[in-house]
Structure formats: structure tokens, C-alpha cells
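The first chain written gets the first letter, and so on, giving A, B, C and D; residue counts start at 1 in each chain.
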Amino acid sequence: MRFLCIGDIIGRTGRNALKAFLPDVKEKYRPDFIILNGENAAGGFGITKKVYDEILSLGIDVVTSGNHIFDKKEISQFIDQEERLLRPANYPPQALGRGYGIYEKNGEKIAVINLMGRAFMGIPLDCPFRKFDEIYEKIKDAVDYIIVDFHAEATSEKTAFGFYTDGRADIVFGTHSHVATADEMILPKGTAYITDVGLTGPKYSVIGMKIEEPIQKFLTGMPVKYEVAKGKMIFQAILVEKEGEKADIKRIKIEEE
Amino acid sequence: MRFLCIGDIIGRTGRNALKAFLPDVKEKYRPDFIILNGENAAGGFGITKKVYDEILSLGIDVVTSGNHIFDKKEISQFIDQEERLLRPANYPPQALGRGYGIYEKNGEKIAVINLMGRAFMGIPLDCPFRKFDEIYEKIKDAVDYIIVDFHAEATSEKTAFGFYTDGRADIVFGTHSHVATADEMILPKGTAYITDVGLTGPKYSVIGMKIEEPIQKFLTGMPVKYEVAKGKMIFQAILVEKEGEKADIKRIKIEEE
Amino acid sequence: MRFLCIGDIIGRTGRNALKAFLPDVKEKYRPDFIILNGENAAGGFGITKKVYDEILSLGIDVVTSGNHIFDKKEISQFIDQEERLLRPANYPPQALGRGYGIYEKNGEKIAVINLMGRAFMGIPLDCPFRKFDEIYEKIKDAVDYIIVDFHAEATSEKTAFGFYTDGRADIVFGTHSHVATADEMILPKGTAYITDVGLTGPKYSVIGMKIEEPIQKFLTGMPVKYEVAKGKMIFQAILVEKEGEKADIKRIKIEEE
Amino acid sequence: MRFLCIGDIIGRTGRNALKAFLPDVKEKYRPDFIILNGENAAGGFGITKKVYDEILSLGIDVVTSGNHIFDKKEISQFIDQEERLLRPANYPPQALGRGYGIYEKNGEKIAVINLMGRAFMGIPLDCPFRKFDEIYEKIKDAVDYIIVDFHAEATSEKTAFGFYTDGRADIVFGTHSHVATADEMILPKGTAYITDVGLTGPKYSVIGMKIEEPIQKFLTGMPVKYEVAKGKMIFQAILVEKEGEKADIKRIKIEEE
């Protein structure tokens, strides 16, 4: 089974990059199942129903998210109805939405779990380590594959989570930093791991945003309005091939020249 | 000389409390100079020109602020023109607005300095300790009184600042926590100090806001819309009397029953 | 029933203040039950068995704590055995120690619950709001009084917690900031509340520590070694009187002149 | 001119990796000038004189650092004397040590500037953007190359800094996250940039530390003692070749199998 995991896609530029590069990627790597983090898909902050539908129409199987999931007001109108849209499972039980799902594809049952780290994230969440344990115990006998999008800031929390779930999750891919890391590897007990897949969207940007505003914010301390950067595009993902005990992880990066 | 220092006033309820209680306070304590922190004066977030004018019309001499000063977009249209409106002086030099001013009243020259702490504040500011030194050296020979509104979260930073400026500032009053502290005192070298003056506005509230939304935020992790609380009002301030070496500080709290 | 709640006591100076002032306080106010926060009792950081025993010998019924509870290595040797020593109940279940206890005094059953806030606290804890609910449901029918030490930094989290538990807890007293707040009150549904009781220990200090080192830290960014301040002492506490529906809260502050 | 920039080396395992792999790297890539971040070189926390000398003896030209520079007490005994040891230049002026230096090699003058980001770093530093400007104006006419080690957590601050100095610095390499990023590139105006070089040290670890303790910390909230991981080693660096307008950046990763 081949899994393609795409990180945070950033606004219209990200969706354009998806349209421009995904067909070739599919052609070349023939993924069976595709996951994408959509927390920045609409204007860089949150996701709308229209954008969500657009993403699904491109052949994405599951859309995960993170701290920006509730940015767009309309999210509360549709998140509970959409089985293929996840928000971190360690949001408190009272939060809208769901944190994991089990999906069938090619006769295989694939669990996708979305979790969020807590270090530096500023949102009062439940423990992602224990939440994984809880979900894992519930589903492990009912599924063939377990994939986790671990959305977090601190590299220590991300790598600790990877080792903690090593041998239980098939894939743990990190998101949120918007910068791809070069540490894709198969952990000792077989889990395919990367600290961050990196963004899909504008190639020259500050985590997907136009460069000038973040610089102004750092220089003045005053609030600025962020806008999704335009210009050349970049597509980033990981491809994981998993057959029985065999696992392989490969980082994909396609840049517009 | 008698100084009345009022902390963060919260939205309309705060302005109403000001109108309701300030006349009696003036009558009773006869302050010569009144400072008020206006960062939450307009709807709980920021300040508008109209609200600023309303506050001045009530007899306030100087309006200080803090991390919410730039919340209302229109602030950039008027902050540079208003000599009686301060934002923390340790914002970077490129920020709009001014951080201190020298004002005349009853033949005395009074410097008001607005500074902001950095612990837990999330805004990249310059060092408030060194910024105080810099301003102090510039003005010390030209003024009769120096008053600091130190807008900060951490009690350690606030008390450290108080002792650091003890004997140089006449008054250091803290703001931002919206809860009055009971530690008003004259420090060993003569500075009148309080960690936080506390809010003026709704009596029953979560730092001035309706109670339900903050609770929902802590319970769900989802964003909520804060609204200024209504109902019974509270007025809080400190009165400092300073004559030569003699200094006296008194906390004032008037609650609607 | 009369409850005396003492905040964070700071090192030897704090214990000396306890010895100096508690007898008179007892004589004057005749508390039936005394709670004290001991997280800084030993050298300003953590608590040892010897210091814990010393505190109990002074007539304290229960010792609560907070983020510093595990600072002294030997804590792991005795915390599990000591029924009158609490650490925040919303530490993960795997942590050593207990988070609440039920104690008998004068024929009454008194539950003391220790909880910790999460904003700015830097420790990955469970939700204190839901943890309160969980404990409350378990004990409410078995006890006569429920008292909470809510150890937290952010005033918003503390006041939100107070209102959240209003009518369920008899007393919610805040600790951790080491500065007493002046907002002691009976909340609308009857809970006696204060945002922070304030420290017991050195009168002139930066949250209990010698003044020079914290200032150096803010000025240089370099690590410093904190030491408990000496000199004049201050004793701070709240006295809550609770009889049926009637509740009364009073702040106590005794300073060495 | 060829520059080799090595990120945070972690304790003894890091120094062993250096000894094991640097000779081959030198042989293969023939760097003219080598920079290494030594903030974790001694036991994972800080640097001692002995370790510093050992590193220099391996042919390193300049040792940079970050938030851990002052972890070892003895640092204050030698940092002021060592011209090839840098700490972030935006520490306040009162801090020990120096933040940049100008070094001669092969007849070229090379400035190395060490700076630290502020987001999530918890140390009260001056603005790294303006500090760069200040140093740049002072040295730009006196040197042939300018290299910056930007030690920071947030990817947004790191990439914003890269673009801010694009065309002024020859190289900006990020450190601190201990995980290499895959975004090495030549920015539009010619600066060679990477968000993080990644650690040199243990291959399987949580940011260089044994895996079990960080996991325990996340699971229990209790303090743990971190120890540098052992086992297989990894060496990570970037090689930048700069000739007039031409610039090239290449990521190097050598893993023990």
C-alpha cells in the first residue's frame, strides 16, 4: 500500500500547486491513499466548505488540520457532517468535529488520526500521547493501517511522539512548521516518520505568507495583516510504501523553476 | 501633589463606571493629575478616537495603554497626533505613537512613562528596564515627577521593575492583569508602587469580559468571541500623595452594591 | 466552620513568618482548618520531608502545592505516603502523589482539591476544569466542604475557574503569583473566592527572592541563582467563615514594621 | 571560498561524530572555513573550556552558540577571553561574551555573527533584526564575507530573518531545533539560507537526548534528567560555495549504518 501525505497547503497558491503538481505525482508514484493538512487552505487561515470540496475533488482521501481549524466561522456549520475532515483528536470532547476516522480503500482499512502537540501551541488540549493510546486500543484490531498527522511546533515533542508510537503507528508525519525537515526515516520498530512535511504553496514566503508583513511585525511589534504569498510554487509531500514488515519513506519536493 | 492612577478600563461598562464614580472620587480626594489605562476602553479591545476624546472630556490628563493599543484599525490615524495618548515606550522605534510625555499641571512638570513587560506578553519589545534608564537620563533634570505605568503579566517582572526604579520614579503602577493587587506600598527608596491597579468596569466578569465565553474557551479549546460584561460596576485606582520626601499610597475601590 | 488559607510560603523566611504570626492569627480568628501552599517552602523551590513535618507541627491541616512540587529530588521518596500533602490533581495519572484528599475535623468532612492552571505554566497538564468536575461528582455527596487551591498564572484562567465552580466549591483560593490580590469576594452562587492569597515570607522581595538576582536576569538574560530574601516578614492569608448558606471572606495581612 | 556550517553538536556523541566524519568531509569538500554551534557540546548543555579546546583542535574556526551558552558555570571564566567563541549578539550589552567576530583565512576577512530569535525562546533579548542592521553597518566595508548563525525556534522568525538579510549576509544558517530542514536554497538576492542545519550527534534520539526521559516528561509532567543519547551517529552540515555573485548551498548528512 502506498500513502501520500501532504502537509499544510497554503491558500489559493497551495491549491494551485496541488492542481499543478498532483497529477504528475499520482502518475509517477501511484499512491493508494492521500492525506493532506487543510488548516491553512482558505486564505491561509482555516478552511471553508467550498475549499474543502475542491480539495476532495482533486482526489484527496482525508483532510487533517491543526490549530487553525476553527479560524473560519462557517467551519461550525459543516465540520460535524464531514467524515473525511479531521481536527486534532486531543481537543477537549466538547469541541466540534472528530479527531480520527477509519476509511476503506482497495479493501484495506486505514485509520487516520489527527493529533496536536502542546508545547508553544497556546491551546489548552488533552495529552496527545495518552489520546493516541486510547484511540489505538480502540481501533488496533479493526484496521490494517494507522496513520498519524502530528501537528506541533516543538521538534522535541514531535520526535518524542514518533518514538512513543513506533511500532504501533504505520506513519507519523509532522505538520505545522510549514518547513520540510530532512529527517524522514523508518524508526527502529518500523514506523515511517518525518518531523515536518513542509508546506505546499508559495516557494518564496514566510511560512506561506508574503514576506513584507511578517518582517514588519518583527520590526515594529505592531499587528499586521498576513496575506498568502503568490509567485512560484512548491509541492511537498512524503510517500510511504508499506508491505507487511517492509516500510519505505521518501520525501517529495517539486518546485516551479 | 496628588496623583490618581486608574488601571485598564473595560469598554462601555468601564466608561460608565468612570462617569458614575469619578466625580465623587475627585470631590473626596482632590487629585491634581489623573492617568488612566485605555487599552481596553473601546469594546474591550483597543481605543477609538471617539472613546479617547470621551475619556479626556471626563478630566483625565493622560491615557496610557499596553498590548491592546493597536487593536482598533483607526488607531494609526490618530495616535501620532495625540500628545496625551501613550503606548509602551519599549515598542521598537519604528512603531507608531509615543511612549512618554511631559505634562504641566499646577506649575509642576510631570513625566508619564508607559512601559510593557516581556514575560508571557508575546510581543517582541525592547528591554523595559534599559528603556526606563534611557528616558530617565534624558528627562530627570527637566521634570518634577516621574510616573510609570508598567503594563505586564508576570508579578516577578513587575516587582523587579519597581525595585529597579525605586528612588528614581515617583510612582510605578502596574496594569494588564485586570485584577487589583493588595501590595500597594512605598518602596525603601520612596517610590509608590502597586503590582496592579485592577480594572474599572464590570464587577462580576472574567477580566472584564462576560463569564460564559472564557469558560467555553477553556473547556473546548475553540475560539470564542469575547464581549464586555455588563451589570454592576467597580471603580479601582490608586491615590498617591507626594510632597518632597514624603510619599503615601492608598488603594481605592468603589463597588456598586 | 472557619477556614484559614495561606498562600505560597517562601523558604526559611516564610517558615519564620509562620512561626511568628500564626499563633496570634489562631488566637484572634480561631480557624477550624488550615491549608497552606508549600511548593516554595524549602529554600524557595520545592519541599523536603523535614520542612513538611515542620509545617504540620505548626498546626497546618493540609499542604497544597503547584509547579514547584517536584523541585526537590527527595519528594519522590515521601509524597506517596503523605495524605496531607497534595500536588495539583490535574497532573497526568502517571505522576507521583495525590491531587485531593478528604479530611475530618470537628466532625465535618472537608475535601481539599489542588489544581493547576495551564496558561503560561509550561507543564503539560490535564484540563483543570474537567478534572474538578470529575472529582466533584465523585465526592460531593460524601463531604461537607470543598476547598480548592487553584495554582495558576493568568488572572483570566483563575477568575474563569472561580465562576465555573461557583456554588459547587465552598472556597477557591488562588496561589502562584506570590502577590496578594484585593478581589476577595463571595461569588453570586456563594463560593468564597480570591485570585491570589499572596506569599508569606519576606516583605521586600521579588516574589520572595532577593531583589538583585531577578533584576540581573532581566538586564543580562544570563541565568542567575535565586535566593530567598531575608529581612522583614509578611504573613498573608484569607479567612473564610462558612455557615450553611452564609459565607464570609476576609483578607489577612500582617507585616513586620 | 567554501564554508562548512555545522549545527548543534550534542555532547560526547556529537564530538565523536565530529571526529569520525569531519576528516572525510574535509577531504571530500575542502572547506576553507568551518563554523560549528557548540551550545550543547558538553553533556548536552553548555560548553566547557576543555570541550571548546577539543573542538578547536579538530579544525573548527569559530564556535557559535545559543540559549544554552551559559549552562555550564565555568563559561563565565573563559568566554570573554576566547575570540573564536560567540554567543548571540542580541543578548543585552551587560551579558558576558561577544556576539560577532571578524576572522582572517586565506587572505579573506570573514565576519561571523551569532543571533538568537525571540519567539518561544523565553530569554529577554534585544531585537535580532535591528541588531543585525547595527553590526552590518559597522562591518560591511571591512569584510569580504558575512555569515550568520540564527539560533531560533519559530520557522516564521527564521525565514523572515533570512529574507530580511538577503543580499547583505552571504550565509544565514539556522540552528536550535536540532532537526535538519530540507529548505536549503539561495534566496532571490543571493544569500545562502537554511532554516536549520540539524544536530550532529546521536542518530536515534529526541533532539540528541535519550528517548525515554523526554517521553516520561510528556507523560507525567514531572521533571526528568536528560542524558545525551548514545548509539549510532549522524553528522549534518551545509556546505556553501561563494564566488563573487555565484552562490551554491548543499546539505550534507552522513549517518552511521
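Rule of thumb we're sticking to: a contact is a pair of C-beta atoms (placed from the backbone, for glycine too) under 8 Å apart; a residue touches a chain by one contact, two chains touch by 3 or more.
Just so we're on the same page, UniProt names per chain: A, B, C, D = TIGR00282 family metallophosphoesterase.
Small disclaimer: the values here were computed from a predicted structure and weren't measured.
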| item | value |
| --- | --- |
| Shared interface numbering between chain C and chain B [over half = same, under half = different] | same |
| Pair joined by the larger number of C-beta contacts - A-C, A-D | A-D |
| Chain centre separation (chain A, chain C; CA means) in Å | 42 |
| Intercentroid distance (Cα basis), chain D paired with chain A, Å | 29 |
| Multi-chain contact sites of chain B, meaning residues that touch two or more partners | 92, 124, 127, 130, 218-219 |
| Chain D-touching residues of chain B, taken from the complex the two chains share | 92, 118-119, 124, 126-127, 130 |
| Interface residues, chain A side, partner chain D - complex | 120, 127, 129-130, 153-157, 159-161, 163-164, 177-183, 187-188, 195-196, 198, 204-207, 211, 214-215, 218-219, 251, 253 |
| Contacting residues of chain B [partner chain A, same complex] | 70-71, 91-92, 94-96, 123-125, 218-223 |
